[in-house]
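Presented sequentially are two complexes of subunit A, the first with subunit B as partner and the second with subunit C.
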Partner chain A sequence: MEILNALVLLANFVLIPAISYGSQLALGALGITLIYGILRFSHFAHGDVMAFGTMLVILVTWALQSAGVSIDPLPTALLALPIGIIGTAILLLGTDRVVYRFYRKVRAAPIVVVMASLGVMFVVNGLVRFVIGPNDQNFADGARFLFTVREFRNYTGLDEGLGIRYSQMITVAITALVVAALFWFLNRTRTGKSMRAYSDNEDLALLSGINPERVVTVTWLVVAVLVTVAGTLYGLDKSFKPFTYFQLLLPMFAAAILGGLGNPLGALAGAFVIALSEVGVTYAFRKFFQYLLPESLEPNSLMQLLSTDYKFAVSFVLLVLVLLFRPTGLFKGQSV
Partner chain B sequence: MTIRHASYFAIMAVLLVLVGWLQSWSVAMGLVNMCLISAIMALGVNIQWGYAGLFSVGTMGFVALGGLGVVLTSMPPVRDAWSAGGVGVLAGLAVGVLAIIAAVQVYRRMQKGWLRAAVLLVVIVGGFFAFRAVMDPAVDAIEGTNTAVAGYLGGAGMPVILSWLVGGLLAAGAAWVIGKVSLGLRSDYLAIATLGIAETIIAVIKNEDWLSRGVRNVNGLPRPLVVPYEVNLQSNPEFIAWAQYFGFDAVEASSLFVKLCYALLFVVVLAIIMWLSERAWNSPWGRMMRAIRDNETAARAMGKNVTKRHLQVFILGSAVCGIAGAMLTTLDGLFTPGTYQPLRFTFLIWVMVIVGGSGNNWGAVLGGFLIWFLWVEVEPIGLWLIQTLTDTMPDDSAIRAHLLESAAHMRLMTMGIILLLVLRFAPRGLIPEK
Partner chain C sequence: MKKLLLTTALVGFAGTAYADDVPLGIIFGFTGPLESITPAMAQSAEMAVAEVNASGLFSLGTVTTVRGDDGCIDSGLAVATAERLVTSDRVVGIVGADCSGVTGAILQNVARPNGVVMISPSATSPALSTAEDDGLFFRTAPSDARQGQVVADILVDRGVSTIAITYTNNDYGAGLADSIQAAFTAAGGTVTMVASHEDGKADYSAEVGALSAAGGEVLVVAGYVDQGGRGIIRSSLDLGAFDTFELVDGMIGDSLLEAMGDELEGTFGQLPGADNPGTGMFQDLATAAGFDGSSAFAPESYDAAALMLLAMAAANSTASADYKDHVMDVANAPGEQIYPGQLAHALEIIAAGGDVDYVGASAVELIGSGESAGNYRELEVQNGAFETVRFR
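So, the complex of A and B:
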């Protein structure tokens, strides 16, 4: 019984939050890894594009809410998602047209393109703040809990409870769906295969008649889907604030590098490693050990490895460790 | 420097005078001070990027460390806190350092294999818990003493001007550790790693209250001896007479005079750093750096130790950023870890370097002046623009109110557009490398 209590406690406070956070990171990291693999630069504007997509979804959600549309118990934001994706796709293709295409044509060094993406980052960041402001926005509606901690306790008779929020369930379900679709697309369709070919060997792909501009366009479209979905899920699960989204850049990049840049499977794995370590390292394990250890050995401290503000340090430390010992990432990624 | 480049500086001066004339002289002088500090930060980034081609986006961390240097140097020590937990904290830090050294030695001396991994794990985990066991009680004791006004160890109580050096040294020390770990990686890996370092440094400063008071801020940092306090000036009859002679009232004149004193100090620092940078650029060392930057493989083949030179230049650039950070905190008179944001303290500095001209020290200085000027002045200009554009809308219009409220965010967009335009049409910047 004690062991069960301990496990439920761990699931409620560490596993489930980490899995939903990891799913959100994974979608973001997949976008970064795809851009890196195909366009061959680190997309620094990723966090802000994510905020942009989410902002569109929020605006449409508000419009739908005031029109009385609802798909209770699911959040209205899911209905707004397609419009957000279309808007983000237009933004991404627009920046590609105005900014990145030029550097592709002159075959500029990757670092110059990275700088250009810094410029895009500023512009999109300013745009988001201009439209929706820098403050927290809450747009989650529908039912909050699939089942609550108390219902779980009453049902199982355990001391500890387990609550699952709708946002968490939706996050995992949608991520699974999107990731499955992405891998099917990359591995089974002609366009997806040409994308992978282009990523593996650009010259060979060009020789076999693959149109690079088409590959790039499709990549941005896929990234638009990934980024908007990731941002919306994160916003539903926590809340929307432009600066938080900008800060997600670090864990997303850490996840992509951890798994090996340019390797989609790696990005997925990296995201869950990052999320689990972030949540695990900053969780106070005191109660967990109280259940497991005999009374005489019970800890009197919080048993928290690091305070919550150090969560960025976690992704950084993991990143450095990987870079030191396995520079191409856990799974083999590109190392240009 | 050609006439054209000199004219850029002249235009900059005219712009600043215009601000003084149209807004107020105090505002203009404040702008000049921040421009000088920005120019020094830009020089620091230029040393890393322009000289050696290192793409480091951790500037914010080094600037913050410079600010911490001011607190550690100039604040009076808190004796109660030292007697409550000073020894414990020092012992805890020693345990931490020993654990790291032990781990590195294990990694180096032992044969590769599961045994090494196991020993390494034991050393690291054991070291961490030993560190926390020694550190935590001491930290609690320090943070518990007189929390409302102190709750930290304080500083060394030395003249604040020394802290500019200390800030630089702190940043250099951090840069050494970081460089050891992350240099030699591919260019954009270094970028991500330094982005993480900056966030980590900020997290430490925000969190370790015993060191920096964290988000409770440190107020009332002393001023350099040569800078008087406004209150003293305003009660000084000689100064009042002098102010009236120039047609200012005493309050305005005192604030102007204080800013002028700071500006003179900053100009001296900028001049010294500029002189050193130019000397370095024109020396054999500078040529070697450019050779490494332009063709790493060739430089390596010529027997240059690329990793070591990168480490050197990374430390130098970070130290300059640390000095600028210390100057900034001294100018503010307070240390607020919560205000360090990457957009303002890392990426904006990068815009300065790119726009001014990477690889040219004068360019970096010009970029520092111009971009800071725009960063501050775009806001009132944007506000004025929106007010004019929306003048026909009714006063209670929600859209107008929203637009006016959002005008402040125009500056981010402006910076981005400037950066993109310069990268596209003048990639070598306003004053290109010779």
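So, the complex of A and C:
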């Protein structure tokens, strides 16, 4: 019983939040790592493109909601996803045509392209605020909880409770689906293989007849899917606010670099490491040990490794350590 | 001399209508953590200005307003904005800033060096009470030292004995958390944990996990309604960590209720405000002008602008050095009480050499170095809306 209580406590406060947050980060980090691997620059506009895609989804969701369309208990936003993805793809391909293609043609240094993407970031940032405003937007509908903490407690008779939300289930399920599809695409299809070839060695790929513009287009399309899904899932689970999406950029980059830039598997692992360490290292384990240890050994302090003030320091310390000792990331990616 | 000639020439070109403009700066965080309540704040201030202009009794000229953005938490931006307003737009006074940190930055770096009066409607950090201000700084909001006491009183009256506190990591949050902790401990309560949170972050389960492990009957959230504060509450509800929250003034907003639905039933908090007929009058005016007068700090913003203009009228000068000494006079007794919508009447009295006691929308009573005495409305979420349960 005591052990069960301890495990439920840990699951409710550390594991489940970390897994759903990690999944949302993973989709974002995958996009970053793909762009870095294939287009060879750090895409700073990622967070804001995410906000843009989510904004489209929200607008379509509102339209669907007012038309009375519902797939209760699932959120209506899932129906709106395809349109959001198409809109985001148009935005990404448009910026590529207007901004990045030029730099690719003149073979500009990566730092120049990064600065250009910073400019794109500000433009998209403004565009999103112009259309939907800077405020929080609520678009989640359907049931919120699969079961709540209280229901769980009453049902099992345990002292500790565990709540699971639909958004968390959806997040994990869709992330698994999208990641599986992405890996299948990269490893099994002709287009996916040509993308990897282009990423490994651009010149060799060109020599063997791979059309670079096509690879670039497909990359942006994949990225459009990833960011829109990531943004929508995050918005459903927490809330949509353009400023927060912009701030997501840091943990997403940390995850991509930690796992090894350009390596999709690494981005996935990096995202979960970042999420788990943010939540786990700063968790106060007092109650956990109170359940596990005999009374005489029970801790008086909070048993907190680090104050939550240092939450963000955790991911950056990890990042610095990885860059110092394994510059290519945990999984073999490109060094930065 | 050359500059003077040039300016005179320009003024000549612009025509006499602009010759006696009285530009007033309105500096709020139109971007950043308070961006959802600042539009109503600015509209309130502009409404007071429009009222004064419409009266035709303000003999010093036509008052114009210039808006500036301080980013709420971006001191660099705030100082640059204020510098621009003071040196290039030549504002004669600043209504603002909104958040405590940027208010202090503007006061020390722009207002004092240039000798410009500032009246902030919403900066509540206790540190501003004792800041060097050359008599230039006033606020229509009370210091958080007072709010801390009010929070402790509310908690004790509700029979709460243990609390956990989380605050937004800046001057406002830290100052408020300190004063709440001090007041509640002095009242015999136990504070299990005081943890900060950063605004605008993606995930708050770590903070909530730690706070929940520390325990407490009520979680006091000293943050911003559109920022980390909301994230903390969302996470707490989702994880079943806390059911009841005590919300400080920055956390009161309808957007919170919209986002959380009925899960906040029974949660309580407080906003500056008094049992004052002016509040209702102001809300009617705001509704007529097409915005929400019950938005946080909107009444205080109206009062800040109105006070500044009445002080100018009383001093019969737009020079900060002249009218700064009149702000306290028009705000406090003796004199005829002035409510929102009666600014024309106030100007008449002043022109006739009489005394006014500006009460305004937020029952302005300036004490100490020029800050509001601090009346609070205790609010409770009942049937999905913030209801005022009593005044403190």
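Here is the rule we use: the second predicted complex is superposed on the first by the 329 of 336 C-alpha atoms of A that agree within 3 Å, B and C clash if a C-alpha of one lies under 4 Å from a C-alpha of the other, contacts with A are read in each partner's own complex, and residues count from 1 in each chain.
Here, a contact is a pair of C-beta atoms (placed from the backbone, for glycine too) under 8 Å apart; a residue touches a chain by one contact, two chains touch by 3 or more.
In this text the structure is predicted, and so the values were computed from the model without any measurement.
Taken together through their common subunit A, the two structures put subunit B and subunit C in a clash.
By the touch criterion defined above, A:Ile111 lies against subunit B but remains apart from subunit C after alignment on the C-alpha atoms of chain A. Of the two partner chains placed by superposition, A:Ala67 touches none, neither subunit B nor subunit C. In the superposition on chain A, A:Met121 contacts subunit B only, with no contact to subunit C. When the two complexes are overlaid on their common chain A, residue A:Ser307 makes contact with subunit B and with subunit C alike.
Contacts of A:Phe130 after superposition: subunit B is touched, whereas subunit C is not reached.
Looking at the shared chain after the overlay, A:Leu248 reaches subunit C, while subunit B stays out of its contact range.
With both structures placed on the common chain, the touch criterion links A:Leu319 to subunit B but leaves subunit C unconnected.
Contacts of A:Pro17 after superposition on the shared chain: subunit C is touched, whereas subunit B is not. Only one of the stretches 37-45, 73-81 or 325-333 belonging to subunit B has C-alpha atoms clashing with subunit C in the superposition, and it is 325-333.
Subunit A residues in contact with subunit B (one complex) as well as with subunit C (other complex) are 134, 243, 247, 307, 309, 312. Here subunit C touches subunit A in the complex through residues 31-32, 35-36, 169, 193, 195-198, 200-203, 205-210, 212-214, 226, 230-231, 234-235, 238-241, 255, 258-259, going by the rule given at the top. If you check the complex, the residues on subunit B that touch subunit A are 53, 55, 128, 136, 181-182, 185-189, 191-193, 195-197, 199-200, 203-204, 206-207, 341-343, 347, 350-351, 354, 405-406, 409-417, 419-420, 423-424, 427. Partner subunit C is touched in their complex by these residues of subunit A: 12-14, 17-18, 21, 24-25, 134-136, 138, 148-150, 161, 163, 165, 234, 238-239, 241, 243-244, 247-248, 251, 275, 278-279, 282-287, 302, 304, 307-309, 311-312.
For subunit A in complex with subunit B, the touching residues are 41-42, 99, 102, 110-112, 114-116, 118-127, 129-131, 133-134, 243, 246-247, 249-250, 253-254, 257, 301, 305, 307, 309-310, 312-313, 315-317, 319-320, 323-324, 327, 335-336.
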